[in-house]
Structures are given as C-alpha cells and as structure tokens.
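Once you scroll down, you'll see the structures, which are given as structure tokens.
In what comes next, chain A is part of two complexes: it sits with chain B in the first one and with chain C in the second one.
This part shows the complex of A and B:
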C-alpha cells in the first residue's frame, strides 16, 4: 500500500467539503405559495367582505348615487372596517373613474400613494350603482404580521 | 511506518464517515421539511377548493333534502357566497357519507361559520327565541335586543357588540352583581357584557336601541363553560359547522372568506372558515 501524501488528504477533504456544499445547497422546492398564503388570504377576506357588504345593501346605503362626493364616507369606512379582525390594519380609498378619494372623502392626487410594506394586501372591489362604477381599494396589513 | 498508515487510515475513515453522516442528517432534515411543506400545500389547495361549494348553487340549482344533487353547492343561483340556509341544513341532513358519495369533496375537510353581523330592522322581531342552555340574542318590539345566558353549570360568557352610529341604553333584567355590562360610545355604541351563570341560572340584559343601526356587529364572543352552550339569534344558530374534525397531528390548512347566510327574510353576515388536511 503506497503511502499517500499530505496533498492527497487535503484534496480528499476539499472534495468532501465541496460535495457537502453542493448537496446542501441544492435548490429547495419553491414555497412561494405558503409564503404568500397569508397575503392571499387577507386579500380574499377583504374582497369577500366588501362583496358581502354590497350584497347586504350597505355600500349602496351610504353612497350618494347622484353625487359621489356627497356620500357618507365616515359611515362607509366604519362599516367596511368593522367586519375585519382587530389584528388587521386597513386603509381605504375610493376611485370613481376620475377622482381618487381618501377614507375621509377628500380628493387625493393619485390612488395607492400610501406607505405599503411587502406584506400589505390590496383588495379591490367595484360596485356599479352609479353611471361611473366605484372601486373601493382596501389596503390590508396584519399588525402582528 | 506501517502504524502511521493505520492512523492515517482511521483518521481519514472517521472524517469520511462523519462527513457522510453530517450530509445525510442535514439532507434528511431538509427532506422532512420539504415533505411537510408539500403536505401543507396540498391541504391548502383542498381548503381553497372548498370555497367553490360556497360560490356555486350546485345542480340542480334548487336542490333540496332528500332529493339530492348531482353537483354540490350551497349558494343561491347567481349569488356566489350568499349561502342558502335551507341548503346548509340540507347538507347537514344528508350527513357526511352521502355528501362524499354524491359530490367531489374528499373526506378530510371541515367547514364552519361565525355570524359577525346581523340586521336590526324594526320590522324584524324574533317570534321564537331558544333560551334554554344557550346564549341568545332576541330582537323584540323593534327597538329592544334581549341578551340571555342560560346554563346548568358554571359558565362565563363574554360578548362585545358594536352598534354603528346608534345609541343604546342597557337595562338589567336578571343580571347579577358579578356580571359586567358596559356601553361606550365612539362612532356608535359598543356594548361589553360578561355574564356569569351557574347551575340552573339565567342572566339577562336588555338593550334599548334609541336609533336603529343598519347592522349590529358581534365583535367578540367567548364562552367558558363545562357544557356546550350554542349561540343563537332567535332560533338561528350563529355558529355552525359541518364535516369531521381533524385528527391530532393532521397538517391542517385553513382559509377564511366572508359571505351571507340567507334566511329568506333576512341576511346574516358570516365568516366561513374552510379547513383541509
């Protein structure tokens, strides 16, 4: 049996290290579905909540069909936020095709110009009780997210 | 020189075996994690599939118990997520086995709902209210909401109601010194109740609504009791579920959607919790 030199063992050790690194860094199966599930669920909950309020006649009740600017935005925002879990922060915007309005009903330059973290989910729901359909944009984020 | 070779051999073999062991343990740990993620993803897809049954009326669209259906669905015709209460009750009457045979859900699912808001129309008065061994909200005479906790064992009921843009006064009917009943105002009235009941006890509070809200929200409901105490509006259950419960250690995935429970005369706003595993 021939005696192996120092470099042989160093090369063997390096080979094992390289092999270990390769095996341990194989691409992992994508888990983007699970990583984004919370956000998707929040978006779905926001959308279906707005849909339920519309089906129950609440959105129509506080919307002025002749002049959207005269709608009761305070009541709209309370009714939209009340069904959401207490652990969810919500921002609301309204868009009628021309104007974008904040939660309080004041006109703002553009919709979506709010601080949004990467876990913010956006639910958009359009209801067409007017000549111009109204889109409610609901920005949702979990407090403990 | 021969001894030195054996030492080298033992050292090299040890390093080799330790390295292989390390790689195997780490890789198998990752593999277990991957398997769990795959199982959870499959459970999530199952939970999301359940939403279809809340969005479709089924076939025929007006199926009833016991005539049955060829495609399972719980909503009204062209009204996704507006669940017909008679279909929900029909589904429960069929029993789990028949649903499985006649439709597509696999066996490992559970659907439940919690009512989070209800209408308070002066025209609506609950003619019959189930109050025995239950927590009951009973609308009365167009401007009163009677809240009753009845149990045969030591129980504590915590309930928080929110009446948007409405004012209300609390009237103690048979509440006791250990009960808590508060009403605070902010964009409406919040009512916080804590009713402590014991054996053969009934505590009742009445809420006089001075202005009628469009909806009354149930913001919190919790019962600590040795017995099962259902939660009713009149005689309609505000919490219900269907399907088997998940076994221990099941890889459960759940999702929530909001919808309506249609009772013919009115709609209740509900959150559905869909579980798959």
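This part shows the complex of A and C:
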C-alpha cells in the first residue's frame, strides 16, 4: 500500500464515520415526528367526534340551554365516548370560562388536574348552542401508546 | 488510484450524503404549519364555535333587538283565540308570536289585551310558541281571567355574544394573543377577531 492509498482509506473512513453519525441521528427526529403526528391525530379525532355530535344534535339533546349544571352528564359521557375506538382512553372535562366540571358534572378546582402520560393528547371543542358557551376538553390516550 | 479518481469518489460521496440528508429532512422534519398545525386547531375551534352559535341563534332568537321571550307549550283541547299571560312588564307593544317547529320559527298574527298586556293569537295547532318582546320581565302576572294555562312556560333573556369572553379565558393560557369584539347583525353576531399564535395569525371578522 503506497502513501496515496493510505490517505484514501483514511478519508473514506472519515466519510463513513460522518455518514454514520448523521444517519444515527435520524431515528430520533423520525420518532419525534411520529409521536407528534399521533398526538395530532388524536386531537383531530376528538375534535371531529365532538363536532359530529354537535352537528347531529346529540349535545343539544342532553344539555340545558340556560343552566349547564342541570345537563344530563351521564348521557353526554356515553355519547362522547362511544364513537371513539376501543383502543383509545378518554377523560372528559367541561369548562364554562370560570368553572370546570368533571365528567360526572361536579365542579372541580381546575381543569387538567388529572394523571396524564406524555402521549396524552388534549382535544378541545367549544359547544356554543347555550346561553353561555362551554368548552369540552377530551384527554385522549391510546391504550397501547 | 489517481488523484482525479479520488476526487470524483469523494465528490460522489458528498453528493450522496447531501441527497440523503435532503431526503430525510423532507420526510421527517416538522415544517411548522405545513405538517403539524398544532396551533391552528385552536383557531378552527374558535371559527367553528362562532358559526355554530350564529346558526343556533337564528333558530333560537328571531332578532337580537328583542330582549326577552316567553316560551309556552299549548296542549290539545285549547280554544282559539288563545290568550297567554307572558309576564310582560315593559315593551307591551313590541310583542310578537312565533310557532316553533324544530329549529325554525314562523310568525303568527297576534294582539295584546288592554288589561295586563296578555298576548292573544289563533294557534294553528298544539305545540311550542315563542312570544318575544323588547322589554323586561319582572315576574309580573296580571291576570284578566281569560288566559289559558299552558302545559309549560319558561322565560329567557336574549343570549349574549358569549364567544369573546369565553375564549379570552382559554387562549391566553396557550400563549395566544387574542382580542375580540362583537356587534349585533340581525339574528347573529359579527365578531372582529385578532388571533396571534407562534405559528398562525388572523385579523378579521367572522360571522
């Protein structure tokens, strides 16, 4: 092996090292993107589910126009959760601008004070066919997430 | 291998690396609003809420200038003309009667009595009737002895725009600068919105 050949192999080795370093960093970026994409998919799923229930008049049937506290929270919970895939876990909260209510309709101190994993997505839909609008917060997580 | 050949190999490797990097970045990297529009979902929600509220108002309230309504349910067995004590305190002359069918309102010719400001009209059928008036209700009930007792009676005030104050409680917590004002336009509200998030901005009106 002459002198020129040695430099060639050293340069080639350096290129392989650089290439390997670059490629090894790709999966992290890919995972991050996929995680965000999945979270966004869950958000969209929650939003479109609630929007469909609103358009179909389901939310209207079980909410009290003048006093949201007197709404049928049991039925609301059933109708909101039933269109979701069985592989998705959901928690519901209702926010009227000042008070936050749990899934059962009872007033809670603050919204979002639940155990959430890093893959929990929050979907929000504001239901406005009431004297005072309310925002339905859906905390969604995949069982196998 | 000659120096020229070595140069071509290295150049080819660099070109290959460049293409690979370009390809992978195109495939995986977040290009902001083009691939993951996380912030605009809040704007979608705002826009949808405004449109849903205005659609609802058009079927719930015939004109936002009329401030109060009494909703009564008239059952079978009534005799025309029916007389309803709608609990009108002020704004007697502005009273108007609408028959409700689902989410649509159909106006019916009506009159008010000289005593007690009760509303009289010929009901085409049993069902729900909304009596709107541009005045107040203070729990007054002036019976003249001729009114019927409806199956149900509820009184409601005109819904406020509601959207601006509601979203003002939500969006700033998400690092979104939000200002909003609303103006009555017939049976709907026209909202002037300023919405500025890190990757989405909107200035304009939504009705």
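What to note about this one:
The rule is simple: the second predicted complex is superposed on the first by the 113 of 145 C-alpha atoms of A that agree within 3 Å, B and C clash if a C-alpha of one lies under 4 Å from a C-alpha of the other, contacts with A are read in each partner's own complex, and residues count from 1 in each chain.
Assume a contact is a pair of C-beta atoms (placed from the backbone, for glycine too) under 8 Å apart; a residue touches a chain by one contact, two chains touch by 3 or more.
Note that the structure is a prediction, hence the values are computed from the model and not measured.
By the touch criterion defined above, A:52 lies against chain B but remains apart from chain C after alignment on the C-alpha atoms of chain A.
Looking at the shared chain after the overlay, A:126 reaches chain C, while chain B stays out of its contact range. Looking at the shared chain after the overlay, A:66 reaches chain C, while chain B stays out of its contact range.
Within the superposed three-chain model, A:74 lies in touch with chain B and out of touch with chain C [touch as defined at top].
When the shared chain is aligned, chain C comes close enough to touch A:97, but chain B does not.
Within the superposed three-chain model, A:11 lies in touch with chain C and out of touch with chain B [touch as defined at top]. When the two complexes are overlaid on their common chain A, residue A:37 makes contact with chain B and with chain C alike. Once both structures are placed on chain A, chain A residues 4, 12, 19, 23, 29, 33, 37, 44, 51 are touched by chain B and, in the other complex, by chain C.
Of all residues in chain A, those touching chain B in their complex are 1, 3-4, 9, 12-13, 16, 19-20, 23-24, 28-29, 31, 33-34, 37, 41, 44-45, 48-49, 51-53, 55-56, 58, 61, 74-75, 78-79, 82-83, 86. Here chain A touches chain C in the complex through residues 4-5, 8, 11-12, 15, 18-19, 22-23, 26, 29-30, 32-33, 36-37, 40, 43-44, 47, 51, 54, 65-66, 95-98, 124-133, 135, going by the rule given at the top. Taken together, the chain B residues at the contact with chain A in this complex read 1, 4-5, 8, 12, 15-16, 19, 22-23, 26-27, 30, 34, 37-38, 40-41, 44, 79, 81-82, 116-117, 119, 162, 164-165, 187-188, 214-215, 217, 219, 253, 255-260, 267, 269, 271. Looking at the complex, you find that chain C touches chain A at residues 1, 3, 6, 9-10, 13, 17, 20-21, 24, 27-30, 35-36, 38, 41-42, 44-46, 48-50, 52-53, 56, 60, 154, 156-157, 159-160, 162-163, 165-167, 169-170.
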